[in-house]
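Take this structure, written in structure tokens, and hold onto it; I'll ask about it next.
So that you can tell them apart, the chains are marked A, B, C and D in the order they are listed, and the count of residues begins at 1 in each.
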Amino acid sequence: MVKICTANEAVKDISEGMCIMIGGFLGVGTPEGLVQALVDKGTKNLTVITNDSAFPGVGVGKLQDSKQMSTLYTSYIGGHPESGRCMEEGDLKIILTPQGTLAEQIRAGGSGLGGILTPTGVGTVVEEGKTQIVVADKTYLLEEPLKADVALLKAYKADCHGNLIYRFSARNFNPLMAMAARTVIVEVEEIVEAGAIEPDNVITPGIFVDLLVKGR
Amino acid sequence: MAQMDKRVRIAKRVAKELHDGDVVNLGIGMPTLVANYLSHGVSIVLHSENGFLGIGPEPQAELADKDLVNAGGKPVTIQENGCCFDSAMSFAIIRGGHVDTTVLGALEVDEQGNLANWMVPGKRISGMGGAMDLVVGAKKIIIAMEHNNKDGTAKIVKQCSLPLTAKAEVDLIITDMAVIAVHQDGLYLTEIAEGTTVEEVVAATGAQLFFSEDNLGIF
Amino acid sequence: MVKICTANEAVKDISEGMCIMIGGFLGVGTPEGLVQALVDKGTKNLTVITNDSAFPGVGVGKLQDSKQMSTLYTSYIGGHPESGRCMEEGDLKIILTPQGTLAEQIRAGGSGLGGILTPTGVGTVVEEGKTQIVVADKTYLLEEPLKADVALLKAYKADCHGNLIYRFSARNFNPLMAMAARTVIVEVEEIVEAGAIEPDNVITPGIFVDLLVKGR
Amino acid sequence: MAQMDKRVRIAKRVAKELHDGDVVNLGIGMPTLVANYLSHGVSIVLHSENGFLGIGPEPQAELADKDLVNAGGKPVTIQENGCCFDSAMSFAIIRGGHVDTTVLGALEVDEQGNLANWMVPGKRISGMGGAMDLVVGAKKIIIAMEHNNKDGTAKIVKQCSLPLTAKAEVDLIITDMAVIAVHQDGLYLTEIAEGTTVEEVVAATGAQLFFSEDNLGIF
């Protein structure tokens, strides 16, 4: 049985300097309750790994608003003007990464791989500082794995063992991050009894999940 | 020609490049218009890089589903052939060559098929999102854009000056003035827009165009 | 709409020297009808990529019985004594690969990756001839992607667009191979109407599937 | 001691190493017996490398499901906390360190924690299956085996002579005679089986054993 608690309880061990993965794509599939609890807690100097900085007041954008991040691994900051401004002025270190590479880096982190070779970014600024490897006459970039101390995720439903399912485009990075963090906290809309989710339909195995929070 | 007319002309011409059953990713903005102009009998499967196949039309506002948006964050629907997946699978589909065609805008395209569409030094940066993967991964890359910048300068150039999105990946450029195929040895003008002359297209283009006046189509 | 045909029709374009991926784990999740059709067709000199050579008369084991393979990429041949004998006597080139590496190589092939770095096999015979890469002080083997001309797969149900679901441990390598072959042929127990499988429950998107065969 | 008694003794002792909630992969053969001897109140989640979590007991023959077998191909059931996945996910779970403990047999284990359990040169080869990934990936590697070969030669040796499955990954060796912890600097004998003497264990072992007679447990 996985532990069920409130959003505030769930984030209580997140401390300054930690690395946090947060699910979602432009706020869809982001655990709003958990992000809000982290904002309320006010922990600074966070490294965040997430697809995008969403919008002001929405999803990960709230952590931008409250200036709690010192480093951000992401593919897109176009929805939150403050992210771009902070990057220019050096207030926030932003590592811009192609979205597919970011997904594979997180998957590699959770899968015990030492990295993956991708053709994406060859011949662009993305290749700077990275090892290039030629396989079958094609050039690839070696992209290293990403892991985190904590993942803050959003799923649709969990059973009481933590098995998760997602809805439509709210799935996105959540299942990948569930594998790549030491502590995995999931906000769900509903917690159902054991057996209510068919084993064949489970997307994220419950063994990855440490804490469940009932959200909306 | 009015702005909207230009966009519709481009979208209609791009739509002719799509075949029944194609898996297609349409970039945010003008490329999304293409879905409105498919030829009769052509049905395509639209890929959304945030994690599903089978994008359907925008729903009425009151039917919008908070969990169902396109890669631009706009509410959409999902068709009955649709299916959902995570971001690793979404980009495995893209990078693995399972998208037949992607249609994207550009800031610059050059004679080598290099593309710059994600960053202007000195301007506020947005990030590449999924664009770099799409351009490297999709089988056919169509750039759909206005032929020139608003200040009249060329977007089709000898060599891109802006930071690249990908090297030598563009296959076809479709603008309000022309259709240009990118080959290994350069740019081939194949069609010009109705009401446009070859001279106008050449004058508006910052790169060499190969063409045979006898074989030029009109769209 | 995906094309539906018989097993014999489905395999008709498989020709000598082709590379074929076949789903299944000790015969569970292997398309028996498609393998039988390939046996009946008698095409020789095949390169096969599959988890194991199953048992005599079962699954991929039938292609061992009928000596249609010249090269076999696999993780386990202990169920079919003939595989071991052929390997010893040089009648069949067998590339033994750790199961997790084989899964990642196929996934890489279907995902456009140039390879992956795995710690599995370091310090063993598996490392022979492979590039070693050190990332964060740990040594990994660079394992290259695998692709095929044809994949012969087994799913539980397909809808008429080719979207697939699997049952229990019959899933195994099938979803990975669906992405890594030029032509994908799937034997299913049932073909259901469009919409009968929830989009969130689909495991293999129909865009990967070329031909459906109704089996048992 | 009869063969079966030895196996049961080993399985019982291994079971004591498993904690409530652990994710465990039990190798084919004797290690599967371990699930029968869990301590009271200890519930574990069994991982099956062919693609699911939550292996349940063997069903009655007439209830066997053709699609539900363990990694040895034997019919099993799935528990209500179970879930299914593909082989990439199955080995992501293994390689990514999400399996707490794996229990495997061995042909040889040596002082460095090297393991040989997949191949004997000159004998017909079976292949490594998932063993190499399990030994590299699981957090704790327990080798469960009879102390000696049938001909009386040692399986615990100074240096493995057989082809390795993995280097320096073994954490604990549990045999019918002894429990031996593998540390960086060598093998530590921590417990001996009831009815066995330290001298017998030392004589039966082909590697140096560190121990303190005062602190030896009995199992």
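Note that contacts are C-beta pairs under 8 Å (C-beta built on N, C-alpha and C of every residue); 3 or more make two chains touch, one makes a residue touch a chain.
What you see is a predicted model; the values in this text were computed from it and never measured.
Student: Which chains are shared contacts of chain A and chain B?
Tutor: Per touch definition, common to chain A and chain B: C.
Student: Report the chain whose mean Cα position is at the greatest distance from that of chain A.
Tutor: D
Student: Report which interface contains more C-beta contacts, comparing B-C against C-D.
Tutor: The comparison resolves to C-D.
Student: Using the average of all C-alpha atoms in each chain as its centre, how far is it in Å between chain A and chain D?
Tutor: 35
Student: Which integer distance in Å separates the CA centroid of chain C from that of chain D?
Tutor: Computed from C-alpha means, the inter-chain centre distance equals 29 Å.
Student: Where the CA atoms of chain B average out and where those of chain D average out, how many Å apart are those spots?
Tutor: 56
Student: Which positions in chain A touch two or more other chains at once?
Tutor: 104, 107, 111-113, 118-119, 166-168, 171, 199-200, in rising order.
Student: Quick check: what residues of chain B touch more than one other chain, meaning two or more?
Tutor: 52, 78, 84-85, 88, 91, 94-95, 136-137
Student: Would you mind giving me the full set of chain pairs in touch?
Tutor: Inter-chain contacts occur between A-B, A-C, A-D, B-C, C-D.
Student: How about chain B: which of its residues touch chain C in the complex?
Tutor: 23, 45, 52-54, 78, 80-85, 88, 91-98, 136-137
Student: Mind pulling up the chain D residues that touch chain C in the complex?
Tutor: Touching chain C from chain D are residues 48-52, 65-71, 73, 78, 84-88, 90-91, 94-95, 114, 119, 124-133, 136-137, 163-168.
Student: What part of chain A is in contact with chain D in the complex they form?
Tutor: Touching chain D from chain A are residues 107, 109-113, 159, 161, 163, 179, 194-195, 197, 199-200, 202, 205-208.
Student: Hey, which residues of chain A end up touching chain C in the complex?
Tutor: 104, 108, 111-119, 131, 133, 135-136, 138, 140, 142, 144-145, 165-168, 171, 199-201
Student: Which of the residues in chain A end up touching chain B in this complex?
Tutor: The contact residues of chain A facing chain B are 25-29, 51-52, 74-79, 81, 84-85, 87-88, 96, 98-104, 106-107, 118-126, 156, 166-176, 203.
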